[in-house]
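Multiple structures are listed underneath, in structure tokens.
Below are two complexes that have chain A in common, paired first with chain B and then with chain C.
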Partner chain A sequence: MISITVNGRVCACEEGEYLLDVAERNGMLIPHLCYHRGLLPIGACRVCIVEVIERGRSKVVASCVYPVRDGIEVHTASPRIREQRSVIIALLLSLAPGSTEIKRLALQLGADIPRLVKAPESDTCVLCGRCTAACEALGTGAIAKVGRGVTKKIAAPFDGMPPDCIGCGSCAHVCPTGTIAYEHTDESVSVWGREFELMRCTGCNAPLMTREQHDFLTRKGGESPELLCERCGKQGVARKLKTRERYLG
Partner chain B sequence: MDHSTHIEEIARRYPAERRFSLAILQDIQREFNYIPAEALPIVAARLDTPQAHLYALATFYKSLSLVPKGKHVVKLCDGTACHMRGAGNLLGSLSRQLRLDADGRTDDGQFSVELVNCLGSCALAPVMVVGEAYYGKVSLEQLPTLVDSYREGGENDE
Partner chain C sequence: MMSDNATSRTLLVCCGTGCLANKAAAVADALDAACPEASVKRTGCNGFCENGPIVKVQPDDISYYRVKPEHAEKIAASLGHGPVMSLLFRDADKKLVLRQADNPFYAPQHKVALRNIGTIDPLAIDDYLDAGGYRALERALAMEPDEIIAEVTASGLRGRGGAGFPTGVKWASARAEEVFPKYVCCNGDEGDPGAFMDRSILEGDPHSVIEGLAITALAIGAEQGFLYIRDEYGLACANVAAALGAAEARGYIGTNIRGSGRRLRLEIVRGGGAFVCGESTALMASIEGRLGEPRAKYVRSVQRGLWDKPTVLNNVETLANIPVIIAQGGVRFAEIGTEGSKGTKVFSLVGKVERTGLVEVPMGVTLRHLIFDIGGGIRRGRRFKAVQTGGPSGGCIPEGLLDLPVDFDTLTEKGAMMGSGGMIVMDEHDCMVEVARYYVKFLSDESCGKCTPCREGLRQMLAILTDLCEGRGQQGDIELLERLGATMKESSLCALGQSAPNPVLSTIAHFRDEYAAHIEEGRCPAGVCPALTTFVIDSEACTSCGACKKACPVDVISGDKDTPYEIARDGCIACGSCRESCRFDAVSAHQRKEALA
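And now, the complex of A and B:
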């Protein structure tokens, strides 16, 4: 166990933990965009920058990917950080003027909105990388950051429809700018230019998951998962418990 | 041997692990002078890795190309020193002599020309590399002879 100081408060933590996690656990929220609790940290958006003072030297780091070391002193909202962060937010906002998530951050942090906003275009991606991280973690890694430099973008191989996509929609769900088009009806889901047929709950006939998702879970788990929605699944368990003899001790 | 079996054979040179993606793609590039589109699903299946991952690698690294490179790859340095000493003129002259298309390639697949940032031989500016051979202090006058030596049947066209 080691300890660090965040905004003057001593926080206990484990070596190697990420700074942002430690700060949030201790009730100090650091603004962030690409960081998502359910995903591995990405470190792309730089919104979560903080000032770290170690051995008398001060530096600015991205807290979501900065492993803590014993005795460091952290300031999450020093004047230097406030200024730099608001520039970063303003630049992000100029890329995606329509994003409610970035707008909220800008308002919250007092970033200079009107000066940098460009005319809204269809391309609002800020390349934060949440979608690819989500696809890697929950789906199949069907999309990736393609190319480099100013031509970098999120795409599937050969700019086509992703062959490995299972239509789970995780990418669209985590996207902070709403760039990824995801639509679903009672029968089907469409995302990345592909259409996926939905399988239904065997209990109540509610749409449940795509066929490809079911196949993927089968491959991953070694056996085919029951086609039951959360409610029907719980009811099934409850019914079993009710009808079977229970251990009473 | 058709392309697919050849690619399959290259992929099998390495253990079926994701970390060998780049090594396999490099071998394919060396073999075919580009990464054929059909290579992606084959390598992906062998390594049990998504095709998007391989595509990302292929688009990120300059040494990998998704369209066929010429038999002779000409790298023209456009670093600061070479730029000042007329790399732009050399490029213009090269593209006229070789009738390069917009992507810097010739129709016969013999040449492809690319501008690179710095070859680390600034004292020899302007520098040009053909295949593995370095040419320093390249002048517009010597360019036609140099190019001809690499044309089909030329002394440098092995």
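And now, the complex of A and C:
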């Protein structure tokens, strides 16, 4: 156990924990965008910047990827941080003026620089990289960041219809700006311009997963997973237990 | 009689990239044919490429410049009978210069990192050995790792790749890690436009880098390493590959280094093709086969670098200094340089100076010495305006600061940077707003685009600077550039974004009036920005030489011996080629009042 101070408050934590996690656990919220609990930290948007003073020296760091060290002093909303964070949000607003999430952040943090130009690409994507990180974490890697510098964008190969996509929708689920269209009916889902047929639970006939998802899990696990929804799966286990008990009894 | 003279002579033909582009290979072949008894050696870059191909005759110590294949016979016939006058260098007073050491471009230089380049054949390991090569490695094999590190620390060597981090400290941290395997890595990505010092070392003296890397490996306890080389550097890759083969065959690397039982495997990795790939974490991602994007560096590479293992990354020039330090001792190395910056530094001096090329000088010489003594001052007697040091991450330094010593800390203090050693000299016909725009454009294409402040900050800076250059500047733009710059500096993910505002902020700091003239008057004082400039030929000064007419890319200049030369309003794109081409200063720039066609 080590201890750090955040905005004057002493917080106990483990060496190497990420600063953002420690601050939030102690009730101090730091605005953030690319950080997502279910993903490895990305450290790209820089909305979560804070000021860290260590051995008398002060620096600006991204709290979501900054591993804490004993004795550091953290300020999450010093004038310097407020200024830089508002510039960053204003930059994001010019990149994605159509995103309600960014508009909300801009309003909340008082950030808008009318002189900035609109970026030509998407109206809402902030290039946070959550979607590609999610897709990569699953092992599919169907979508990617392509290009570099100011032409960087999130893209699916083959004109936006990624052949490796399994229609799981993780990208759309983690996207903070709702940029990725994901439609869901009883029979099928569609994402990235492709439509995926849904397979059904063999117990209750509820839509379960896409055929491609099932194939992917089969390839990954070496055997095909049972087509049972969570509820039917549990019931099955319970039934088995019951019969076994009867014979044993 | 003649063959006697030839036999005892060596002809060193510069076959660096610059001279090769001017047919140096054909020159060498022609010399081979013309003087079969002499030994013709193909060397690396002599650093004075604009005067290449360069041929040196030893032991007479005669240097010839701009040699063509058809000069081979003349050179052959002259051996032992005195120099070929027409191929000698002429200094500013038209005096002929015989020896390289008397050439004003070379005389003030002090070669350490470039010690062998231009005198040895990079493909001949015996040349390197004859020059004392691999003796430092033999010595290091008999030393304890801590002793090696102590020598490097005593030398005061700081990384030549840009940041100036003390090399001894870096090695000591990696050595202290108890995690294996460890890796060593050489950064030969050199993406800075106009810079070619690392290319020149890799091409001209690859063994010095390999020896440096092998010593690094002994010091930290690594058995594997990589040389990451910019993809465009074909000759460098080829020469390093050949050198690796030769070094292994002689046992300087491989499975049992000189019978010591130590081993080291080295391989070449071709660069990812972007400026950002030279950044340490992006470079490592690229070696691992991942996307060349930087990551948070709060845990340093000496702890967790390649494949999360302790890794030392050093620049090409840094490594080329290592054998000298180990052979002579760190204290001796530290005799050159300043308090905080020891040794020498190689600069690539380009732009509006009389003499351009690669120069190696002791740390601490002044910018004035570099530009005026070695570079010979500004071309065509124009006025010096600024020098951009450190490439896209660096800054512009104005005339008032020319007497500053060139070392890591002084340049950083002035908002510029030593960087990798790029030095672009600008004169009164360079517009500082346009210079800033040029670098911001370069960086907006070359940043990885991962983090918001760098990518979006550059996008906005580029839009604003373009507006300024095209007459759409607004009140408050200077302050907005400063505001964006301040945020990018502190909150960007990697050093690219953190240093990206330097060209903008330093030109604003020293040339604020020039920015203001663009915004408030729609005027480009240097007469560069086409949307704000027109050119006029002064008939009094014009000698009717016709140079401007030839130079004009869109053919809108009329005139001949009898009719005065004139620029037609319609069709002129205000590129300024006419002004640059006129030797009589008869073409002048004026503020444009009407819109550009």
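Please note the rule applied: the second predicted complex is superposed on the first by the 221 of 249 C-alpha atoms of A that agree within 3 Å, B and C clash if a C-alpha of one lies under 4 Å from a C-alpha of the other, contacts with A are read in each partner's own complex, and residues count from 1 in each chain.
Note that a residue touches a chain if its C-beta (ideal position, glycine included) is under 8 Å from a C-beta of that chain, and two chains touch if they have at least 3 such contacts.
Please read all numbers here as calculations on a predicted model, not as lab measurements.
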For this session: After lining both complexes up on chain A, report clash or fit for chain B versus chain C.
Result: clash
Exercise. Can A:Leu227 be said to touch chain B (first), chain C (second), both, or neither?
Worked result: neither
For this session: Please work out whether A:Gly147 is in contact with chain B alone, chain C alone, both, or neither, and reply first, second, both or neither.
Result: both
For this session: Go through the superposed model and pick first if A:Met161 touches only chain B, second if only chain C, both, or neither.
Result: neither
Problem set entry | Set intersection of chain A contacts, chain C complex versus chain B complex | 145, 147-148
Seminar exercise, completed: Listed in rising order, the residues of chain A that touch chain C in the complex are 41, 43-47, 49, 59-62, 65-67, 80, 83-84, 87-88, 91-92, 94-95, 113, 115-117, 119, 126-127, 129, 145, 147-152
Exercise. In their shared complex, at which residues does chain B touch chain A?
Worked result: 37, 40-41, 44, 49-56, 59-60, 66
Seminar exercise, completed: Interface with chain A, chain C side, in the complex: residues 274, 276, 291, 293, 295-296, 298-299, 443-453, 455-460, 462-464, 474, 476-477, 480, 483-484, 486-487, 490-493
Exercise. In their shared complex, at which residues does chain A touch chain B?
Worked result: 140-148, 155-158, 162-164
